[in-house]
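Chain nomenclature is as follows: A, B, C, D and E, assigned in order of appearance, with residue numbering initiated at 1 for each chain independently.
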Amino acid sequence: MNFSVLILEISVAILALLLLVIDLSMEEDQPRRNIGYLAACGLAVIFFFSFTRYGINATFWHGMFSLDDYAVFFKQAFLIGAILVILFSLDTVDRLPHSRAEFYALLLFAVVGMMVLSSANDLITLYVGIELMTFSFFILVGYVLSDTRSTEAAIKYLVLASAASAVMLYGMSLIYGLSGQMGYAAIATGLTASPALLVGGALLLSGFAFKIAAPPFHMWAPDVYEGAPVPVTAMLAMGSKAAGFAAMIRVFTNVFPATGYPWALLALLLSGASMLVGNIVAIPQTNIKRMLAYSSIAQAGYIMTGLVAGTAAGVKGMMFYLMIYVFANVGAFGVVAAVSKHRNGENITDLAGLARQAPMLAVAMTVSLLSMAGIPPLAGFMGKFFLFSAVIDAGYLSIAVLGFVLSMVSVYYYLNVVKSMYLAEPIDDRPFEAGLSLKFTVLFAMVATVAMGVYPGPLSHLAEVAAK
Amino acid sequence: MIGLSHYLLVSAALFGLGLFGLLTKRNLIAVLMSIELMLNSVNINLVAFSRYTAADASAGQVFSLFIIAVAAAEVAVGLALAYAIYRGRGTVSVDEIDWLKW
Amino acid sequence: MGDGLMHTLAFYFLAGITLAAATGVVFKRNLVHSAFLLSVTFLGVAGLYMTLEAEFLAAVQALVYSGAVAVLVVIGVMLTHRDDMSKSNPPNKMVVAGAGAALAIVGVLVWAVVATPWKTGRGAVVSVADIGRRFLTDFAPPFEAVALLLLAAVIGAVVLFKGGKVQS
Amino acid sequence: MWAEFSLTHAWLIPLLPALAFVLISFFLLSSPWLASRLAIAAMGSSFILALGAAAAVLTQGITVEAPFVMKTVWFSMPGLSVDMGVLVDPIAATLLFVVTLITLLVLIYSTGYMAGDPGYCRFFAFISLFAASMLGLVIATNFLQMFVFWELVGLCSYLLIGFYFFKVSAREAGKKAFMTTRIGDFGLLLGILLLQITFRTLDFAELAVKVPAYVAENGAASLTFIAILIFIGPVAKSGQFPLHVWLPDAMEGPTPVSALIHAATMVVAGVYLIARSFAIFSVLPGALTVIAWLGVFTALFAAFIALTQREIKRILAFSTISQLGFMMLALGVGSLTSSMFHLMTHAFFKALLFLGAGSVLHALHDQADIFQMGGLRKSMPATCLMMGTAVLAIAGIPPFAGFFSKDEILVAAAHVSTPIYLLASLAAFMTAFYMARLFILTFLGKPNPHNHPHESGLAMLVPMGVLAVLSVVGGIIPFAMGFGEWVRFGPAHHAGIDWAVAGASTVISLLGFALAWYIYGGGHTRSNDLTIKTGALYTWSFNKCYVDEIYQWFNRTFVGGLARLSFWIDIHALGAVVDNAWRGTGAAGSEMRRLQTGQMQQYAAVMLSATVVLVILLAALTGSLVKGGQI
Amino acid sequence: MSLPILSMILFAPIVGVAVITCLPQTAGRMIKMVAGGAMWVCFFLASLMFVNYDWRVGGVQFIEQLAWLPDAGASYSLGVDGISAPLTLLMSVVGLSGIYSSWRIDKRIKEYFILFLLLVAGVAGAFVARDLLLFLLFYEVVVIPMYILIVVWGSTKRVTKEYAGMKLVVYLLIGSGFMLAGVFMLYVLANPAGQRTFDMTVLSQIGQSGVIPAQQQIISFFLMMLGFATLASMWPFHYWSPDGHAGAPTAVSMVHAGLLKKLGAYGLLRVGLLMVPVGFKFWAPMMAAFGMMSVIYAAFICLTQSDMKYMVGFSSVSHMGYIVIGIATADVIGLNGAVANMFAHGIMTALFFSMIGHVYNTAHTRDIKDLGGLAHQMPKAAVGFMIAGMASLGLPGLLSFVAEFTIFTGTFATYPVVAVLAISGIILTALYVLRALADVLFGPRLTKWDALPDLKAPEMVPLVLLAAFLIGFGMFPSLLMNVINSGIEPLTPLLVKIKTAATLCGGL
């Protein structure tokens, strides 16, 4: 037993508990900004500390919970995402009528769940990790009780996620029944071909497809993204998705390869469906969060091509893409958070004239959206390069062509946002207010997006090491 | 002689009933109850496998315990949310919870 | 319960109760009835655990589910429905579609169960000590995670209820 | 010494006027006196150099077979090397002399004619540019160089026709000229390209060697095709039927321009091109036949139209077309000498005719209808005298210049084909008739009381005088000096007169004069009778055989139709596909969006159904594997 | 030469952007001067580069190389050869002219010049890149600034500027989506994993060595062609272009027609022909036929247009057809002509748009039917129009003629039918150009235009600069052609191989 393997998760959990304790010592109506800063700083410390975890490759108790480079990379993605989201959510949280410190704590719980997921090497840990993350999100999504849309989103998320969990659990039970084991490595040796494996695998895949919102398992995502508070949506879009991928890659590369299960084909179908549905339905959207929800469905489609390739290069591409997607996402949602706070609206038209009132935010939004679309020299282009060259290398040219073309189609709806920001007249003359930390976050995300597009070397190298 | 398959079939039937409830009940609380049925069917599976086939028998029961714990928490949160929406809209009818769409 | 006949009878009895009660949960139009039948279902499942020699689990099932969860459900029912209970749990418009989907899933699951050549045999007897040991050894990470999960659920429930108070 | 210098510096001949153009257009646009003097000085220097070059040709034994060549690479790449250079041989020397001389005279004339025009400097700049281009064309060593300057003279022609750009008619005429010659250029360019592909060179000297060899080896069929393509260029440039339509309209330009470009120099470029590449044409009898027949047809056709035209410059324009037909005909019957000879004499007398017409128009304030003139001999005696000389020259009355050149053409034609000879003689008759008609109606008879003519100034009369002298002696002197010894293709052309042909043509011309006098000498009554009696024939002639109308109809219907069709396709077919695909994508998005009903149970149903589908799909995919014991 | 001249060319506009970003929005004149200054520097450096390019030696010169993304085999590698050196010069000339053609911009000046300089920098980077990934990076980057420039500063005529801009973006980007797939396919097929590289020289060698099977090359080239030919506005992928021109502000039209389309043709040549020659051979006859369609079809459409920008827009489609044909010949002469025409047409069309822009900025219409007799009011602009028009119809003495003649010569040997039909385009070109010149410049003086100013000092820059290049290179084409040929001639063995290899698809 090796608790040092858990040190990152434990640190985050302790940090969360610390926040709760400090909250108890504060007056009810005192602002909780400091708690937010504390959470961000704590996470930052943990983030920097996590660099020392590379190259350890240790497991907790005979391979049940694995801290390899792969896991560390994902944990870092969650941590950096959480730091940035916390920083830009300070203003949003301050406007909550109650339980502001708990917001940060729950966010950290969700991060712990994701981190557990990325290390999960057995079905039980996988399940519990998913549920820890999902539970935190149930509450976070429904956090704004004054807005029943938020509650509605939470209920939808709860019901559908539970149903998906049930389906996934049924699949897990079948796999357990066939192999008699819970650990991935043991399962892989114990599996035999049978209808139960087929059904179990399909149910498991459905569960993952739900988490990464791949059509037709995506239908919860737009509603939930729209209803949730902006920072939560951001965290859902990147963290929940990335964690889903982290777990999925591990399951599909560790459990199934030897069985001849045609998972590349399934991934291909899901990937194609995600790209198509995400990009096409995003076109007519008017609510920016909803548009971003569909966009994130499309992003998941691109990322899944790495799974189609199924090679180390493909996995590397996925990891690279997920990391840069964090920054693009933070940039976009950060601006949405600012606009939502300032103008009380989340429609694309509410961004009108942003380029004149807050040019920095407009540029950041543009850069983030274009990065998602894969326009060079932004990071998204490099991400697509790694993904699609891997998938072409594996012999699936068609999905790469589809991906490239649809990602260019996506420019259409991204540019509609850009057009609104640059062309339309501002809807009011009030000077645009945005918190310093939000501006910093957004700027940081933008710089990171550009930097990783222009000089992707280090991150690419890191992802490559982690993918092995 | 009752064997593994019997339990598995009961479990499948229970899963199907739960699923039917999930899809067709109009009351949110009934929907939550249906989900519990589905989770129970999974538990039956796990315990049955642990009893009849598993090399790692205790893992199945451990898993079941985790599921029970999570399910209990889920009901708590689910009811809290149901109450919240009831407060906001005066209804827990699932088909009226459709403000978010398109 | 080693005896074959006793086992068989117990199984059919418990399975029958479980499924019948579950059917009631799904089809009853009175939500309170459904809630009570749910409790019965849980007990039936607990019985099934007994027949599978998982006594600890059966106890937990009876206590947590049948006790705590069902009671919680009833509280929920009471909180949200204050008027006529007899029509509190109607089906929606997609009964047929729902039945189709459910049957399709059941069909698939039954196929998986029936068509698979399960390796049947006698698994090791699981004692409570085994379970406890595993919680503290290889499943310690999920065990701790679930602790956090419960904490989160508590916070969540508190937040969601408290928020209402501040509102009202 | 001077001749030697001129020859080795022959590249200066086009360069000096080009320099004048640059200087005028950059620095002297607002100093008319300097601009005109600069242009004249440059042109004068060129003229002296051209004279020197001609002298060098005569004294240094430069012949058609052994020309003086100087060239440099213009641009090159593997398989395509194009030179720019100077080629001086007797043919080129003749042209250099003619072009520089007439340009110089026209420039001097223009200082009087254009005085006070707001575009005075521009005019001199353009004329200089034209001279540079024309001279560059003359000394071209290869087809491409010739084509380059060919196009540039076309540009100058366009600019000068449209010189009065504020007049819609001038603007349209310039456009038409450019367009029509463009069609010719299309053929010429194709021909040049085919030559380049076939022989890997465009150099005249090299082609002269390669072409006969090629014909000997492969036959003449493909080369005849090429030659006819090349001939399309001259057809347009030299106003041959059916691409002659631009030339009459080109008279919208200032009259000196008409004299210089549209009578004496540029329009003969086509003739010159054929002459220059005669080594190719001479071995292709098929092509020559086409040229001869088209030439004689054009000569007749244009003369027929000229019979009834009323505007003085228009008559001269059709006359020019007709005379160009003669030159083509001469080439077609294989007599390069007579063609070049006629080219030279024609330049003299036609330039004189135009300058004379300019003088008249100047005096009458642009009253162009000859029926509104009359009796000008009294008020403009000098002009009348010189015009008379030119009329005699063009009609081919001995011993004027036209007699010798036209006679040689007719002789050559008679040698080759009697029908051509007869038709050519008919054209000569008509020439005499319409020129006499012009002269009679303009200068003889009663003065029109509405006109207040006055004689032109010296600046205009002196150049005309020089040309008049040349119209008289320009035929006999070269004839006596043995023009054919130098300017020839193949064996030397012996200088002599076939008295039968000469006599016949003189008689024919005199008959033409007589008929004109009969009809127009006694007032307007007889001519009106004639109009009525000839009816349809007159209408056809007067309306220029409706060639313009046919073109317009073709342009409107076919070109315009295709254009509109293409645009329609662009918007409604190609464009519609794209727009609809795009709109369809958006609509698909909107439709798919509707599936998102907000009902979570429907979402769940979709998810679970999808799971089932996934299982079925998997089962189907892996069916064989399952049976084989391995998924 | 140790001076990193290509990087300096590339970064001159970017430094300009950086400086402008720091200036206040109100310092309009200062911003314009900084932008102009940046482009002057760029222009001088590019001229210096062009003059110092040793065409006798040929090959890639001014090489710069820095590690960039070793994992993927990509490096920051710059260099120019005989093909890209003239195009780099073209970029600087058109870019500089564009700045001065924008002198009358008075709305949101700062953003305008930032975006414009970014656009130019993108083009510059694509031309000087020797690394395929770097090339793609710059290739793609140009579209977005273009979009914003169109929707904010553009004009709405037959279609709205929003529609035009979006159509342009979607068309170009979807095309480039296909192209990226094709290029990455090449990248993947060329080398086994681990040894992959984006070095253009290496990829060309591999592509020409026959390592990549024919079938794959055909697919790869097809995908690339969809992208490059769309950018080069080859029929039937040209639909974005005329509307894009019409909607765009002057300088953007100049860059769009003068540079971006050349970028497409350059890609066809540099990536398509050199790296997947077998695929190229397979598709070349179709490209030639489509190129011919571009020439004829667009020229016919020009006859119907009364908006001058549409006319020149379609005319640039028509002229790009010549370039596509020239490339499709895969012949030393044809390729020389194609590259020369890229340069020539770039300059010519920029001049045309610059003049149209001046008329539009002052008269607020560019409808041929409304205008007339402008030679009275703006003689200098009329000269510009004339030079551009004459270059457009291929008048000798201007560079376009040399280029077109060379293309025709090359085409005639390979695709005679295409050549004849394409050459007939010169008649149609003359028809519409002369019509436009006549109707706009000539004719009676219209008093309603009496107030229109002629070109003033800064606006003379495009006219003088562009005309100087058109005429200078037109009279002394060797200056340009030698450089181009030094890039094309070394390809002879490859071209011979392409020609003599077993026929894949019947020639036209």
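The criterion applied here is as follows: contacts are C-beta pairs under 8 Å (C-beta built on N, C-alpha and C of every residue); 3 or more make two chains touch, one makes a residue touch a chain.
Here the structure is a predicted model, which is why all the values come from computation and not from measurement.
Between chain B and chain D, the least number of touch steps comes to 1.
Chains touching both chain B and chain C: A, D. Path length between chain C and chain E in the chain contact graph, taken as the least number of steps between touching chains: 2.
Relative to the whole-protein C-alpha centroid, the nearest chain centroid is that of E.
Farthest chain from chain D (centres taken as the mean of C-alpha atoms): C. Centroid to centroid, with C-alpha atoms defining each point, chain D and chain E lie 35 Å apart.
Measuring from the averaged C-alpha position of chain A to that of chain E gives a distance of 41 Å. The distance from the centre of chain A to the centre of chain B, each centre being the mean of the chain's C-alpha atoms, comes to 26 Å. If you average the CA atoms of chain C and of chain D, the two centres end up 101 Å from each other. In chain C, the residues that reach two or more other chains under the touch definition are 92, 94, 97-98, 101-102, 105, 108-109, 113, 118-119, 123, 139, 142, 146, 149, 152-153, 156, 160, 163-164, 167. Shared interface positions of chain E, i.e. residues touching 2 or more other chains, are given as 170.
Residue numbers of chain D whose C-beta contacts span two or more other chains: 593, 596, 598, 600-602, 604-605, 608, 611, 615. Every pair of chains that touch is listed here: A-B, A-C, A-D, A-E, B-C, B-D, C-D, D-E. Here chain C touches chain A in the complex through residues 108-109, 111-113, 115-119, 123, 137-142, 144-146, 148-149, 151-153, 155-156, 158-160, 162-164, 166-167, going by the rule given at the top. Of all the residues in chain B, the ones that touch chain A in their complex are 8, 15, 18-19, 22, 28, 31-32, 35, 38-39, 41-42, 45-46, 48-49, 53-57, 59-60, 62-63, 66-67, 70, 73-74, 77-78, 81-82, 84-85, 87-89, 94, 97, 99-101.
Remark: chain E residues 67-72, 111, 133, 136-138, 140-141, 143-144, 147-148, 151-152, 162, 166, 169-170, 173-174, 176-178, 180-181, 184-185, 187-188, 193, 219, 223 touch chain A in the complex. By the touch criterion stated above, chain A contacts chain D in their complex at residues 155-156, 159-160, 163-164, 167, 193-195, 197-199, 201-203, 205-206, 210, 216-217, 219-220, 222-223, 259-262, 265-266, 277, 280-285, 409. Of all residues in chain E, those touching chain D in their complex are 167, 170-171, 236, 239, 297-298, 300-305, 332-333, 336, 373, 375-376, 390, 393, 395-397, 401-402, 405-406, 408-409, 412-413, 419-420, 423-424, 426-428, 430-431, 434-435, 438, 441-445, 477-478, 481-482, 484-485, 488-489, 492.
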